[in-house]
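You will see two complexes here that share chain A, one where it goes with chain B and one where it goes with chain C.
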Partner chain A sequence: MQSTEFMIPTSVSEALDNISREDAIFLGGGTSTALLYKTRMIEPSRVVWLGKVSELKGISTSATTVRIGSTTTMAEIAANREIARLFPGVSAAAGVIGNARVRAMATMGGALAHADPRQDLPPALIAVGATVSVNSSSGSREIPLKEFYEGFLETVLSPDELVTEVSIPIRSNQRSSYLRYTPTSEGDYPTVGSGTSLIFGPDGKTIEAATAVLCGVGTVPILADEAARILIGSSGDDTTLQRAAEAVRNAVDPQDDERGTADYKREMASVFTYRSLKSCLNS
Partner chain B sequence: MKINFSLNGKETELDVDPMAVALDVVRGLSLTGTKEGCGVGVCGACTIMVNGSPVSSCICLVGTLADKDVWTIEGIAEKMPELIDSFVEEEGMQCGICTPGQIVAAAAIESVGASNAEEIKKYMAGNLCRCTGYQTILSAVEDHLAVN
Partner chain C sequence: MSERRIDAVAKATGAAKYTADVVLEGMTFAAVKRSDYPSALIEDIDISVAKEIEGVLGVFTSKDLPGGANLYGRRVFDVPILAEERVRRVGDPIAAVVATSREIAEAAAELIDVTYKELPVVATARDAIKPGAPLIHEKPWEYKGAVVTPEMGINIQSIDTHGSREAAEAALRGAAHIIDETYITPGDHQGYIEPQACIADYHPDGSLNVWNTNKSPYRLRDVLSAVFSLDPKKVEIMPTVLGGDFGGKGSPGDAPLCTALSILVGKPVKMVLRYSEDLLSTDGRHASEIRVRLGVDKDGKLVGGIFEALLDGGSYAGFKPVNTVNLHGIVDAAIAYRVPEFFVESKIVYTNNQPKGHMRAPGSPQAAFAFESALDELGRRSGIGAIKIRELNLLSNGDANPYGTVWLENRGKEVLSLALSQPRTQEAPKGWLYGEGIAIYARSMAAVPKTSLRLRKGENGKVIAEVPIPENGAGGQTVVREMIRSGLGIDSDKIEVKQVSTSLLPTDAGVGGSRVSLGVTVAVANAIKLWKEMPADQELVEVTTSEGSDGPSGAYSAQLARVAVDPATGQLKVLEIVSAVDVAEIVNPKAHQMQIDGGTVMGYGFAVMEDLLEDGGQPWALSMGEFKLPNVADIPKLTTALLRGGKGVGPNNIKAVGELANCPTGAAIANAVEDATGARIRKLPVKAEAIYWAMKEGVSK
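Moving on to the complex of A and B:
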């Protein structure tokens, strides 16, 4: 096997210059890349490590937006107080991924680009309307995270595009939550995870906008649009929450595997969406 | 490729394949206290400490250690003998294969600020012990944090 060239750029523009080779890949923390490389599922001739690109790291908050740089780790997201206050679902998701070692290494941008549909973070981010910023040598673009995924380990990114940050709009009267369920060990991928968000109207009681997003039950994170429609206009009373959770069964598309049968996952998707919505209301 | 980092408190320069995993690299330096368990980042047997945080050396590409502060069980044992004492006194081991990883994870617990029993349990949950002697391991970590 030919050896892999390991590049250590210190700026985004240098990183974009480095990626110009066909089979080059960007490297964040390396938790997923190391596994794929060890098993020879990928054999890049060049790896562009982003660990020294300081402009990609960190979390900033303005009056309207929270921005998370792409090389920010899961541990850093989970420990951030502003994110915990504004987006408890995002904070919870970042804090349950894998184990403390994975959270210390794994970066947000790496996780999003890896696009494993069982990941905890995407449903939590999609629920609160996150947008991905992407740069390449030919320009930049913004992609709503809900439109980012195309299939199992597939995104809309082209090989030369770099995820630079995720931005989340701060909305008044928004409550959000993320809950996961796994019957195996705590560090495993979930059977199902449910990220939900409710935005209340000026009266503080009527739901004006709702989002429910599921991981683990399809080849991409799944938006339960019908559940959202049922919630809008209601006060989040228990009967409505149950109807919304019921509607999740038809939105998901799970497969049988060691984390449960398709029927079981459908049931758990419904149960955990109900609990996630309850958690929004109680937050 | 030449990689520079601090290893157990000593500035180190290695000429290595940056895509090798840290586990193989440190063991190749005769630091064989770090054990391979699952090889996929799940079990914690191969835990090393990088910039104060616990890291699975089996899925850590050594190129990403450039300029970082890296500690293995050998360095931790020398630097924190009282932590080893806590594991001995509380009998926080049985067969021993997970023990280096458990001790390095405990050494890095400050990275997450875990202090009470529940937080310690949540943090240490990522380090598996197939002898299932978890209570004595948790006691050792609690004892260490109480003393220090």
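Moving on to the complex of A and C:
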């Protein structure tokens, strides 16, 4: 019988020292780890719990950036007023994940590293241009979240790297939204989730930049670039929104499963992108 | 007044001792190597690595079973404790490890290497009866307890019928309007919180003690005695607390395996299923495909009906306990209505899916979905109207149902009108379509309430009631206390109700069949009578009962579903489910209401969520993340309207309620979806996607 070491570091450097072993893993709130454990996808010989590393926890806001420490929980993100004001999509996504018990435990860093393509938070964060900060004993790097995912349960992280925080730039004239579609149960993974953001020009009317990102419809979060291009230069009138939403159908790559056939998910990706954009405009 | 449930505090505080909590001295732990294939020959089982693991006491296959005993079942003995030459489903137990810890047992079980030769798979009931289909069992009629004969066809577990097909066909030919549609429901699981668990402790003197997640201890005792040729008097089924049941805890579970292993290792053996194993390897609700033909005359009166159900019984028939090896809920499909010529056939077949058994009102949720959907469709298509067709055909007092029985009273029309009269309180979201649907269910109270009970003097004026039934969560033991409290006029805290092991009382039929409250009220009333006449020096009274009904009787429920549908996505929101329930006297109002609410939520889960996702001989919903049950956020507003003043049965004048609320929900919701959208969904669970495409295609006749 293999036994598992449980380490409780109190600083990032100590945490990184502990992860050097090949099959060691970081543990945040345990909601993703428990799933992977149960299905025997991981059988680590060492677990490095980050719950006592205070520098990884919390949300700070400057004039230009909001920083979210990697062990901040979904409940804490959802309850943060600055995030709700600046990035309502991020706030909404953190507030609908799983259920209250999951949100009380699940950490942002764990959620991002899990890389389940049905997760709510990534599209909301990518839509507002979030960047991931990563540390290892050999140094640190910053990765735009949109470049973070490589495939189903796969990220660009190497085994000894730790997500330390996510930073989101504060932009004037930005509006964002996240909507998910869970037709069977509130507690289910979404059939599709849509994170969008629109940045308006100095006139406050013309869309200068747009992002539309979807979860549940591919092996990674999907960026609908064509939809964004359609939106830029418009005022977000209904015809343009519909054209943009229509373009999402070609961007997504869904699979048939119990949450819907690929055809249905494609249709719903379009419907929920439209609704998410509408929600941006009405916010 | 509602007294607090007997089990409430212990369950809420964690003090309740479930089977998994029981620890015996010298206890060992079992884990099972299960089949990876739905249908295969076992060519080799290599246990050489597993048995060398430190802490492993033994690794056993079917060849090792004591006395060669392998087959067991509740009626038909066709379930192998450990697979012999072949496996018939994913999850079939092939070999078992006994070790000093659960973790070691599980790790060793993974190291058992089985070589298979795959066989063709029978994945659906429809495939099972195709000419030339692979045989799941070569000669199923040879099993002990079998009701099937070679003439019935291939892969048959049982066929139950009622009525004349010819007469029903003739009646339909004369009908002014007919409906002919087929309705489908999936394999389902009871979804109890506590996974199945067992401890068997066999002693060299031939005695056996068993703790099992089981609600029918006397039946379990008899099965174990029969399988292992033990003296029933020496087989003791110990008291346990159950963490939910819903029909799933009536089976022997892993008691036969643990007993065999305890005999083999000479120590107590414990096995607790992981929930994924429970989803994979217990016995849930039969998937069904039911063709319904109904016909009315020009006045809207039913003239005849043919109800042909094909049910997926899975790989073994042994989990059905009744004599017919069938589900009476199917045959009883038309029990609420006057149908002059009604023919019903319930055909249950073997497939390579998980074996199926009993789940809350066996057969009724499937039958009610099919019958009440078809009747609704007939009402709408013929122009008679969905409500009118029911009003015209529900039984009146004195009417015989299609099975020739006249109940004490028939209050179907009254529950229908009571449900419809409940004011609407929920609005559909803006832009959504709104609809309402109704469905009726009636249930016979014919199950024989065989039970026994002992009242004993305790210290300080206490009365101790010894009962044979475990508390499965439905409140049977609380009913016992209520009855004693009111019968003897003493406070609840002076009454202790406790389950005793099987040798300490004569008999019990098990907790189920909507018969517990009736059996208990009869037994307690008889015991109280004796108690009051008891001489002062006598310490106890004991009663055994086997009747108690005051004539053929039944109860009705009507459910009204109020739904909203998002036309852009097909998303269904059930806003409210109104349950109008036929009642006489109520023993414990709170427990009664919980049965209605819990039943309705279970019906809602069956209607819109639950599905084992059996496909190609593999169940895919093997965690609670994939097998979705309703959670608090999903549950619609529940409204209950009680139709009081009914004629009940037994000394307390009661009607059973435990299986009334979970049966009509599927049809009520599907009927409401058509009302809202024009789209008719004939397959459960009702999914947003199905509504979406049906609306797009304008599917509705």
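In the analysis below, the second predicted complex is superposed on the first by the 282 of 283 C-alpha atoms of A that agree within 3 Å, B and C clash if a C-alpha of one lies under 4 Å from a C-alpha of the other, contacts with A are read in each partner's own complex, and residues count from 1 in each chain.
The definition used in the following text is that contacts are C-beta pairs under 8 Å (C-beta built on N, C-alpha and C of every residue); 3 or more make two chains touch, one makes a residue touch a chain.
What you see is a predicted model; the values in this text were computed from it and never measured.
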Overlay on chain A: chain C relative to chain B, clash or fit: clash
First (chain B), second (chain C), both or neither touched by A:261: second
Per-residue contact with chain A, leading partner among chain C and chain B: B
Which superposed partner A:271 touches (first chain B, second chain C, both, neither): second
Which superposed partner A:99 touches (first chain B, second chain C, both, neither): both
First, second, both or neither for A:38, with chain B first and chain C second: both
First (chain B), second (chain C), both or neither touched by A:184: second
Stretch in clash, chain C with chain B, out of 201-209, 345-353, 417-425 or 597-605: 597-605
Touching both chain C and chain B, counted on chain A across the two superposed complexes: 35, 38, 99, 185-188
Complex contacts: residues of chain A adjacent to chain C: 1, 35, 38, 99, 181, 183-189, 258, 260-261, 264, 267-268, 271
Residues on chain A engaged by chain B in the complex (per definition of touch): 3-4, 6, 8, 27, 29-31, 33-35, 37-38, 47, 49, 51-52, 75, 79, 98-102, 104-105, 185-188
List of chain C residues in touch with chain A within their complex: 55, 101, 103-104, 107, 276, 568-572, 608-609, 611, 613, 620-621, 623, 625-626, 628, 630-631, 633-634, 685, 687-689, 692-693
Complex contact set, residues of chain B against chain A: 1, 17-19, 21, 39-42, 44, 47, 50, 53-56, 58-61, 63-64, 66, 105, 108, 111-113, 123, 125-128
